[in-house]
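Next up: some structures, all given as structure tokens.
One chain, subunit A, appears in both complexes that follow, with subunit B as partner in the first and subunit C in the second.
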Partner chain A sequence: MWWKISAVVLLLLVFLFGLLVPLYPGLTHAAPDTVAPGASFVLQIQGYNTFFTRAEAPVRVWLVHEGRHVLASGSVQAVDEVTLEARFEVPATMPVPASSLPLDLVVDDRLHGAMFLPNAVRVQSLSGETVAAADSLWRLAEVRDLHRNEDFRFTHIPINYESIRNLYFHVPMWMVMFVLFLLSMWHSVVHLRTSDAIADARAAGYAEVGLLFGMLGLVTGMLWANYTWGAPWSNDIKQLMTAAALLVYLAYFILRASFDEPEKSARIAAVYNIFAFASLVPLIYIVPRIFSSLHPGGEGNPVFNREDLNVNMRLVFYPAVLGWTLLGLWIARLRIRLSILNEQLMDR
Partner chain B sequence: MKFFSRRLFLTIVLFHQLYLPEVRAQGSGDFMRETGKIGVVVGVILLIFLGLILYLVRLDRKLTKLEQQINDQHERTH
Partner chain C sequence: MFMVYEACFRGDPGSHVPNYSAKVHFPLNIKGGLCAAVRGTYLCCMSGWDAYLALLRKEILLEWRQRYALGGILLYVCSMVFVVYVAAVRIQPPVWNVLYWLIMLFASINAVVKSFVQESGNRRLYYYQLADPAMVILAKVTYNTLLLLLIGSLALFTFGVVAGNPVKDVRLFALTMILGSIGFSIAFTFIAAIASGANNSATLMAILSFPVVLPMLLTLVRLSAISLRLMQDTAYWRDVLNLLAIDTILITLTFVLFPYVWRD
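Now for the complex of A and B:
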């Protein structure tokens, strides 16, 4: 009973904090996004959750190429809470031989802390030809003494924005699925050792609810992907592998249904279930680490990293995983109690 | 009852068609792509909610069937 109450309390807290804690202030876009070498221009910067008019001077703005070549803004002016204007003089030379130079935007002040927008502006030579390199003008400024925002907030990640909150809803689905499939496999092992029909019912119940959570993980992932990666399905390695894993478990239920003798069916299903779980681990935990993925956590993905999942987000994420897992166990046990009653009724 | 639910349904559909374009015109266009993308979080939570509810409805039906079986057996034995 206590764990059912914990599930409800934890999830309640996760919904409250997960949805109500604001994101850190951040930058969404900047205009113009392309400028010519030697240009003098005013960069209009759009903020999110910002209060630019309330920021104390100095508000410092930089354009940075690969962290080394830096342009500092001459003057910065707040237009309104979410719009900032910064004047820049672009040198006529590029810091490295290139026809096109991507620049990251950094805005820093004490109220907001440092804010970043990768690839905000591009210096593009008009003729498309490579511009001679002379980096002395690109080394006059330095990005330093950045402020840190210490408020209790969630990470602002460009493109994701508020959808980062899906961390507490989409991601735990996979953890629940894994725990339920693990329990299912364990009961299959017990069934093979004891031939206990109840162990088989448990294995089937945990697998069924595990599959439900796996499917929820897949569809919520597709929705999230549609608005961050641009398409619901992009043959990402993790998408492919989880789809394969879910099919393996779908086959478990087809296998169960395809034998007339219940005892034989239970035995074969138990053996298959152990293999299914053994295939789940490489499919979900090993193969996606070998290939590059759009998902965070793997190599070649600079968008999310360990720092992005900041302490505040972990504080909500871990209870979310625990809460959803307990809810999954609860639903699975309801299913199992039903199967056991069914079994007992048949025996009478 | 049936009439009522049908009327309710129609009201919702009409409401949707009449008022939604107006709401859309005021906003930036796409609820999901609006700055912040909070709509995606709403969508994800709704999908999870619907998935769990559908499963519980299925479980409920199975339980009803079991109850009927138990009742039948009970009547046969008495």
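Now for the complex of A and C:
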């Protein structure tokens, strides 16, 4: 009983905190995104969850190339809460021989803490030719004394923004699915050793609910992908592999239904269940490591690697995993009790 | 028939493994295909390795006796290659690579599905008394591996004739084909054993096996793309290791689980 109550309480807290806690202030966009060497320009920076007019001076803005070569801004002015204007003088030379140079944007003040936008601006030579390198002008400034925002908030990641909250719903689904499939396989092993019909009913029940959570994981992932990748289905390797894993378990239910004798059906289904679980391991753990993925943390997105999960997010994420797991076990137990009762009714 | 049956049964009743210590030597002089297939061998009371060789020999001889079935599969490969070629007249190497493995996949499924379906219940019961199930499945896997290698070579030859042969690194491609044949053979043989008792075994065979072989197929296509010089990867041995790992997992599971499938 206690664990059912704690599942409800944990999930309520997860919904409450997961949906209500705001994101850290961050940067979404900077214009112009391309400038010529030697140009003097005003960079207009768009913020998210920011209060630029309330920020106390000094608000410092830098453009950084690979963390080594830095341009500091001249005057900085807040236009409104979410717009900041910073004046920059770009040297006529590049720090390294190149025709094009990507720059990351860093904005820092005491109220917001340090904010970061990767590849915000690109220095592009007009002719497209390589510009001579002289890095002295790129070494006058230094990014230092950054402030930390200590509020209880969630990480701001460009592109993801508010959809980062999906972490508390999408990711736990996979963990619950895996736990349920593991239990299902365990009961299949028990069934093979003892020929116990109840163990088989348990295996089927856990597999059913595991499949349900897998589908929920796929759906929550597709909803999220629609906003961050631009389409619900991008043939990402993890999407493909989880779809295949779900097919394996759908086939398990077809297999259960295609034998006339219940004992044979139970035994063969138990064998396939163990086989299916073992094939899930390469699907989920080996293949996604060979091919690059669009997923945050995957190779395709180096930006997402740094501090994806800050401490605050972990504080919500771990209870979410626990809460969803308990809920999954609860549903599965109800399901199993129902099927055992049905079986007994049929026998009578 | 009954004498052999009883001799083995008396040796160790209740176990599916015949008791080899019961020094009874009976030539198998039963009427019918099996007896002729293993003529001169003593399937009962043999060590595991001999039983394995006898069973393998039986598989090959049975196939040879039903040459039309083997011919059917080989013709299936040829027709499929031809249909694929007609449907996509100009075949570039990347497409060639994918099509080749798809032909292999479908031909393999069709070749392996009959490993258990063709055996009647009586004959199964007979083997069940005689041999260790692990040896039975190992013999079938070995035989199917050889069959798939034949199918793969035939597909390579016919596809090469009609659509050109873009393989640059022959050794790597051969290795890929061998690993692929072993992997497909293990997975499909085991799933054929599972599906053989069901009502709709052909459909079941496809839906049970496709998701299972998907990781293998992806790795095979990748390795073969490297051997076609479609992509550069000097660390392809990692893929080879992955394939070997998958094959090991599958064969171990097959050994452990097949006796349960077989016990009927």
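Criterion: the second predicted complex is superposed on the first by the 342 of 348 C-alpha atoms of A that agree within 3 Å, B and C clash if a C-alpha of one lies under 4 Å from a C-alpha of the other, contacts with A are read in each partner's own complex, and residues count from 1 in each chain.
In this section, a residue touches a chain if its C-beta (ideal position, glycine included) is under 8 Å from a C-beta of that chain, and two chains touch if they have at least 3 such contacts.
These figures come from a predicted structure and were not determined experimentally.
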- [ ] Once the two structures are overlaid on subunit A, check if subunit B and subunit C clash or fit side by side.
- [x] fit
Open item on the list: Between subunit B and subunit C, whom does A:Ala251 touch in the aligned arrangement: first, second, both, or neither?
Closed with: second
- [ ] Using the touch definition from the top, say if A:Thr220 reaches subunit B (first), subunit C (second), both or neither.
- [x] first
Open item on the list: Just checking: does A:Lys264 make contact with subunit B only, subunit C only, both, or neither of them? Give me first, second, both or neither.
Closed with: second
TODO: Please indicate which partner A:Ala231 is in contact with in the superposed arrangement: first for subunit B, second for subunit C, both, or neither.
DONE: neither
Open item on the list: After the superposition on A, what does A:Ser279 contact: first (subunit B), second (subunit C), both or neither?
Closed with: second
Task: Centroid geometry (CA): angle subunit B/subunit A/subunit C, rounded to a multiple of 10 degrees - done: 90
TODO: Mind working out whether A:His170 is in touch with subunit B, subunit C, both or neither, as first, second, both or neither?
DONE: first
- [ ] Superposed on chain A, how close does subunit B come to subunit C by Cα atoms? Whole Å, please.
- [x] 24
Task: subunit A residues touching subunit B - in the complex, by the definition given at the top - done: 19, 28, 48, 160-163, 165-166, 169-170, 173, 209, 212, 215-216, 219-220, 223-224, 226-228, 331, 334-335, 338, 341-342, 345, 348
Task: Interfacial residue positions of subunit A with respect to subunit C in the complex - done: 192, 241, 244-245, 247-248, 250-251, 254-255, 258-260, 264, 267-268, 270-272, 274-276, 278-279, 281-283, 286-287, 290-291
Task: Residues of subunit C defined as touching subunit A within the complex - done: 190-191, 194-195, 197-200, 204, 207-208, 210-212, 214-216, 218-219, 222, 238-239, 242, 245-246, 249-250, 253, 257, 260-261, 263-264
TODO: Can you check the complex and tell me which residues of subunit B touch subunit A?
DONE: 32-33, 35-41, 43-45, 47-48, 51-52, 55-56, 59, 62-63, 66, 69-70, 73
